[in-house]
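Chain naming follows the written order as A, B, C and D, and within any one chain the residues start at number 1.
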Amino acid sequence: MPIPDEPLSSPFDDVVGTEWLDDDPDHARVRLRVRDDLKQPVGLLHGGVISTLIESICSRATAIAVYEQGLAAMGQSIHVSFLRPVTEGTVEVEARARHRGRTTWVWEAEARDSKERLAALGQMIVVVRPIPGRDS
Amino acid sequence: MPIPDEPLSSPFDDVVGTEWLDDDPDHARVRLRVRDDLKQPVGLLHGGVISTLIESICSRATAIAVYEQGLAAMGQSIHVSFLRPVTEGTVEVEARARHRGRTTWVWEAEARDSKERLAALGQMIVVVRPIPGRDS
Amino acid sequence: MPIPDEPLSSPFDDVVGTEWLDDDPDHARVRLRVRDDLKQPVGLLHGGVISTLIESICSRATAIAVYEQGLAAMGQSIHVSFLRPVTEGTVEVEARARHRGRTTWVWEAEARDSKERLAALGQMIVVVRPIPGRDS
Amino acid sequence: MPIPDEPLSSPFDDVVGTEWLDDDPDHARVRLRVRDDLKQPVGLLHGGVISTLIESICSRATAIAVYEQGLAAMGQSIHVSFLRPVTEGTVEVEARARHRGRTTWVWEAEARDSKERLAALGQMIVVVRPIPGRDS
């Protein structure tokens, strides 16, 4: 896996608490410990947190994979179905790049709770473009 | 607009900084001031923040609207297309309930930057269900 | 697999040419032979044909699976990403019910061409409801 | 509105019965007369027909709009929520290009029945690319 020269620290993921487990596009993974400040009004993990995790891992794993070719990655669209509320423990998102094209990568992702139960399903399109002003 | 007895404070929205402007299902609105800690690695507002804003306002406005009938609202799916990156200023999301059914509400939402430029388009399905144990 | 009393013939699938291969929610499958009258202006299989196949198999397999409990199935939303154009041969869609809830089923589907290459990815939500006027 | 030199006849739209009403990206429109052979098993207009109409008008209106710049259009993803079943009369889809970028157009579309009731909401991403081998 190529290592970018510049760091890939993501401030919003620091706020959310995303733990980066794996950047391999075949089984990229992040995990999150559920905290009260990540919840919506009735005590469930906010869906926006799950969308954030999916977007973070799909974007990051694409970015790392295409970086050595002088390309950058940017989210184009995300679709998430919420299947089961999460209230405690951890959430883990595993994502797989199903299409790795010249201009777009398409990912499928699933979120599971601490008991391995499916909590959400996502699909994300990430656009790949030359990094402006960089020799590639 | 019916006012729930219990508060609708949303911890994750407090973290993100969501400002609640309007809960009317015809033109529900939230606003956010862009901060550095809401960004992804290359300095853009994280897409997950925009997804969060869309989900928050659609869920909240549905919840308030159906509360007096003894119903609760829960996000079922969200779809967001990102059109233009946001780096500074504010983001405002305006959402409209296009379908207000007995069991589902369907919303369209758009996010604009400080210059009124379209930054993202969302569509969200919110499920409406009886609140367990509550007379309705 | 329960067999409905009434036939499940689908007129639009007859027009399109859907071949029903498998109704098992773990690996439901349909196939289609690409014909010129299924194409869009520049000679590619029309994306609407692929959306139709995904919707048909997810709805049908849900309907068959819940029929004996006196329930009917209806498509609520569909999301499809098109990855590779199809111009000839066959298309096969395989779908898997990732969530089989009391009120909704959520499916993932993939379409492949004759050479097993991924042509499209779909996600579909199917609503499950009591059949009006039927004892269950 | 630029008129392509080559015809834009779409075989699958001929099968479906798409009537082209307007190609203006601000209010592109198609209409369809509901026929029995466009239905699914329980007598409703097949959702795939609605997805087809949305995809057809968004793709076509993009293609016409970018043709003079030597560009071609291709559907990348479609998202449709079905709000109300259609059983008879006509369906009309109106679509609006909300984003007209250098590489992608993003559309919102709504389908209405003969009584002007909302039947479905769509969002579609259309990719715009140079036409291979054509001077532009």
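Assume contacts are C-beta pairs under 8 Å (C-beta built on N, C-alpha and C of every residue); 3 or more make two chains touch, one makes a residue touch a chain.
Keep in mind that what you see is a predicted model, and the values were worked out from it rather than measured.
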Larger contact count among C-D and B-C belongs to C-D
Please indicate which chain is farthest from chain B, where distance is taken between mean Cα coordinates of the chains.
C
Per the centroid of Cα atoms for each chain, what is the distance between chain B and chain C, given in Å?
31
Taking the mean of the CA coordinates per chain, how far is chain B from chain D in Å?
28
Taking each chain's centre as the mean of its CA atoms, chain C sits from chain D at a distance in Å of 21
Multi-chain touching residues of chain C, meaning two or more other chains, are 76-77, 79, 81, 125
Sort out for me which residues of chain B touch chain D in the complex.
79, 81, 83-84, 98-99, 101, 106, 108, 110, 118, 121, 123, 125
Touching residues (chain side chain C, partner chain B) in the complex
76-77, 79, 103-104, 125, 127
Under the stated contact criterion, what part of chain C meets chain D in this complex?
7-16, 36-42, 44, 46-49, 51-53, 55-56, 59-60, 63, 72, 74-82, 85
